[in-house]
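I have a structure here, written as structure tokens, and I will follow up with some questions on it.
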Amino acid sequence: MKSRPSGRAPDELRPIRITRRFTRHAEGSVLIECGDTRVLCTASVEETIPSFLRNSGKGWVTAEYGMLPRATHTRNKREAASGKQGGRTLEIQRLIGRALRAVIDLKALGERTITVDCDVLQADGGTRTASITGGYVAMVDAVNSLVRKGVLRDSPIHGQVAGISVGIWAGQPVLDLDYAEDSEAETDMNIVMNNGGGFIEVQGTAEGHAFRRDELDALLNLAANGCGQLLARQLEALHAD
Amino acid sequence: MKSRPSGRAPDELRPIRITRRFTRHAEGSVLIECGDTRVLCTASVEETIPSFLRNSGKGWVTAEYGMLPRATHTRNKREAASGKQGGRTLEIQRLIGRALRAVIDLKALGERTITVDCDVLQADGGTRTASITGGYVAMVDAVNSLVRKGVLRDSPIHGQVAGISVGIWAGQPVLDLDYAEDSEAETDMNIVMNNGGGFIEVQGTAEGHAFRRDELDALLNLAANGCGQLLARQLEALHAD
Amino acid sequence: MKSRPSGRAPDELRPIRITRRFTRHAEGSVLIECGDTRVLCTASVEETIPSFLRNSGKGWVTAEYGMLPRATHTRNKREAASGKQGGRTLEIQRLIGRALRAVIDLKALGERTITVDCDVLQADGGTRTASITGGYVAMVDAVNSLVRKGVLRDSPIHGQVAGISVGIWAGQPVLDLDYAEDSEAETDMNIVMNNGGGFIEVQGTAEGHAFRRDELDALLNLAANGCGQLLARQLEALHAD
Amino acid sequence: MKSRPSGRAPDELRPIRITRRFTRHAEGSVLIECGDTRVLCTASVEETIPSFLRNSGKGWVTAEYGMLPRATHTRNKREAASGKQGGRTLEIQRLIGRALRAVIDLKALGERTITVDCDVLQADGGTRTASITGGYVAMVDAVNSLVRKGVLRDSPIHGQVAGISVGIWAGQPVLDLDYAEDSEAETDMNIVMNNGGGFIEVQGTAEGHAFRRDELDALLNLAANGCGQLLARQLEALHAD
Amino acid sequence: MKSRPSGRAPDELRPIRITRRFTRHAEGSVLIECGDTRVLCTASVEETIPSFLRNSGKGWVTAEYGMLPRATHTRNKREAASGKQGGRTLEIQRLIGRALRAVIDLKALGERTITVDCDVLQADGGTRTASITGGYVAMVDAVNSLVRKGVLRDSPIHGQVAGISVGIWAGQPVLDLDYAEDSEAETDMNIVMNNGGGFIEVQGTAEGHAFRRDELDALLNLAANGCGQLLARQLEALHAD
Amino acid sequence: MKSRPSGRAPDELRPIRITRRFTRHAEGSVLIECGDTRVLCTASVEETIPSFLRNSGKGWVTAEYGMLPRATHTRNKREAASGKQGGRTLEIQRLIGRALRAVIDLKALGERTITVDCDVLQADGGTRTASITGGYVAMVDAVNSLVRKGVLRDSPIHGQVAGISVGIWAGQPVLDLDYAEDSEAETDMNIVMNNGGGFIEVQGTAEGHAFRRDELDALLNLAANGCGQLLARQLEALHAD
């Protein structure tokens, strides 16, 4: 068995660090570090709702994703300068938004919007799943600030959500791919799970060769295990006050 | 067990019709009908390559996706008039492109591009997977035209690819959701497979509740069966000359 | 006298086919085929009006035009991907809208909008005039659906409108140019007429040499004859229920 | 017979003034005033050609049209600020470009581009035809500067072109509509003619009621007469050195 | 001491001409000529306010700036065609707007907007400061029209504002640089002052070498003197009725 | 004398912290903190040049500026999502670029581009001047990496540059305004200086009242002193290896 570039065991996560209140203004502000991947997740509360929810009595949770131009090995063109967000960005922010909405009761949130901005300061693989894991903590902090201020009586969040990547690298299923692994993985899968062990999103793409059902099963097992650890790390961070 | 709006069995596909040479100019032109969903897939060959492949000796296969404004129950704004393709469109056309590239040897294709345009004339659920299934046939016709003209000695296509949706509807796993089912499904999954039984793409999203591992397993089984039937229908259509 | 590529007499239209209810969702849905030119015209009713008509008590009829990327001999860039509609597209859809508004009483339509989408599935010359001729039938169907539902007591449509192209080809005036003729015509003219024999639009452009007044007269005569036939074909199609 | 708001006879042009060398930098710079309509037409020579002419040995003549935001009664949004040129602008500049190209031999011009910018300083009807009439003079000046410098041996311009509007106002055919007439005209027509009496463009639109063939004939006669006068004024201006 | 290309003394302005009512429709319309620089400044009154002032009881003054494509030595791309206003344009129009707002009481103006459009017909250096100097006169005319109509009892304008450029050219501080000087200046500074001798804007940029404090002092002195002359010319023009 | 919200003396800078190598991939990566303002400045080297420098033998230094959506008290719309960079952003990044180019010999840099991205993680006033001060350090690190690799023999940087804001707050000239001061300052000025005591940029805007010459002099003195301290802090940071 070829050993991973990072020396990690196949089912080993990178070191995770979750820093709350990383910046001052946002209702929730979390820096999540998964190895060398660093994403700043801020959750902002605004007392407006998108027009498609008007008169629905419901609130909304949405996400935006960005990468600083030099978060990566070579500089990427700044999307604001290009005049639009690329397909990859739109795809990722839609994924993050869906994941976060899966654990909050929008009716109970009331007619307000929480926007979770996930900005990648440094990229080393797994930025979208780190955004979900960190964005959840920022959303909790933002919601709790509403409870503390008496705007909401109870938190409308009814579960936890975290995301992780898995893939087939050098023929073996591995957990939490870094960039070196990701760029030569044959299959790449992002899994989002809740704290009831249920799947929120399963997104797998065969890069090199199509994956067999038994490989898929192995990847799902790895992911379930990884998400479990991440959910625990979220709780630790949230209880650290 | 509640019966499906369409009266189909849980594992029953909608009627499929694949019409080749639907329009005259494209190297491959296929109208695929999956029940009331109708997608026109044209494959165009151009003797250029995108700049990121310059000097690589490789060709490229890419897809674009569009929906006529009134393909749906209510009129959607025309994307050309809005000034951009939405996130959903970009996500879908990236998916179609990846799926088609999974069964073609880009080196053997040579320095040319095949663009598969998938335009939805009428939508009733499953437009992205119909685009993959029909787009494959259009791509084969386009490649065969190159072989017939002597531009290529052999076809660089080394496999078949088809896509299908599955989901949990009214508590039960069902195959090939139409719009009525899709709009109230709890979970929605698009699966792309090749003719070796391998998975090319697995994209599942929990809408109502997170799905359990056993539900996921049932959905994957349904999809494998459905894709098998679609792959057979592709061969029939291609052999119908 | 050089004979036309299609073998048609100078004053002979291409075969016309008008298929109503071509797609299922739109209030009016017409596929018009003029020889190898095929345009899908859908008319959609929406209970809103553009802001410049607010508080006017009037409704609106507008058109949008598009060409599938491979409707033509070589693939055209998708306008949605380019990020804007080109000048030719805007010019054509403004023409179609004006033509349709010429035969409807916007006051009697009431505060609602009918959008006629004209999407070219296959192009062989004359797409803009085919759009007008087919779009009229779709608009009638949409308006009749409002009458049937009791939304309107009477149809606000007070006339018929059709369009045809004429031109000087190989030195002779000809009716209804196909692409082979159009691409080498010296003069190209699009004429829109109503069923009272009146002109709604006259748009002529000298490509090769300026046209003399007698040539213009001959073209107008040809067009009047051609429009007469098209108006008859519209009635046949509308009475075919 | 109701008399025109301006007191002019039905076949009377507004006073025309053509000022050459209105600005300093352009190879041709003409202010044309048709009554209260004032358009600054500059012709710029650039030693490049658009990509679709590469290796054709041909040059190009193109036009751009703009209106200063407060050229009109109420302020219009600046197109540069809106982020795009509207359909009306694109339609007009395509028309001007076609008209100017009708009287120049692009092969003889050689691989260079003449861009004629028509910017409306003050609008009172007829801006597009004034742009053609004035733009022609600017183009001649620009071409002559190439001849004077020895870049071209002979002028590639082989004719004159001018444009005028005609219409049915208060039931009678009138020449050269100003804004007060134009805004209540039943039919509006722009005619572009060369100095051989040939038609380059005929663009008529029924606003109020469809026009009959005899009305069309009367309008064409008026236009032919008006264009004749404009062509004479162009020569006067060009010979005024 | 090297003499200036224009032969002017270091502290000598170019000839200034201010023509009011240059065009007919705008409430204020001023052509300002500073040597060969010619800018048309129109002030338009609209009875709306931008959304950020809603319910503030305040009005707004804003400016837009544009350059005709061939105002300069070589043709610039039309910003409306490029699809956006460049950074230089945005910077200049923000500057003009701030300068004009410095001498008007927005509360007293009431809930209306004055838009000052500054369009450069011919450029020879100093277009932004000419826009401020001429735009002020146009704004006064527009405000006075409101007073004359009884919309406002008193003018909300409480001072005068003018702008001028200064710079270090060939080692010496000079006033009012034309293009020939500007393009080889080592330092370029735009100064906006009011009629109380106060500074509204000071914008200096070292092009060639950083400027010393004594150079800055000399430039400020030159500018104060130049602005004084411009303010006097504004009064002359305004009293010329 | 009213005391500053922060309790600082009028001529007292906020605490400065300059952290080099804050992220891993960029050739220069600096986090600069000026009180609560935090800007991440990365300098990226690319072996290309903008087209206007082709064949000039020169390199280029340019800057881009962005603010994370929730760097501020309330969330700002993400510019990438809006589809363009606002006028303020363009103005700031042009300023940063000019400042950095003032201390580097572009000829000696050779045909390559250094892009300095300044992304504001947290804003509390003075972000543009912090970007210049921090961006300089990042540029030095990037250039030194070229020297270390032997790409350049000597550093083409020939001086130091730093920026600071000054203003009139509560009637008194103060140095280095934070947001609380800035939002109620009567005059706001950004000064960029080099290590020879020369001015690179002077940009002052009267917000409340025009400033007198003696106020301007006091502000310039404060700024010169502040820049001196910043230049010293840059050297400390650069020598800290």
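What to note about this one:
Chains: A, B, C, D, E and F, in written order; residue numbering restarts at 1 for each.
As a working rule, a residue touches a chain if its C-beta (ideal position, glycine included) is under 8 Å from a C-beta of that chain, and two chains touch if they have at least 3 such contacts.
It should be emphasised that the depicted structure is a prediction, and the values quoted were computed from it without experimental measurement.
Chain centres were defined as the mean of their Cα atoms; on that basis the chain farthest from subunit C turns out to be F. Put simply, the C-alpha centre of subunit A and that of subunit C have 51 angstrom between them. As a whole-number value, the distance joining the C-alpha centres of subunit B and subunit E reads 59 Å. Multi-chain contact residues of subunit E, defined as those touching 2 or more other chains: 83-84.
Taken together, the touching pairs link the chains into one ring where each has two partners. Across the complex, subunit F is touched by residues 23-26, 29, 36, 38, 40, 42, 44, 46, 64, 66, 68-75, 78-85, 89, 115, 117, 119, 121-123 of subunit A. Contact residues of subunit D toward subunit C in the complex are 84, 86-88, 90-91, 93-94, 98, 102, 189, 193-194, 196-206, 209-213, 216, 220, 224.
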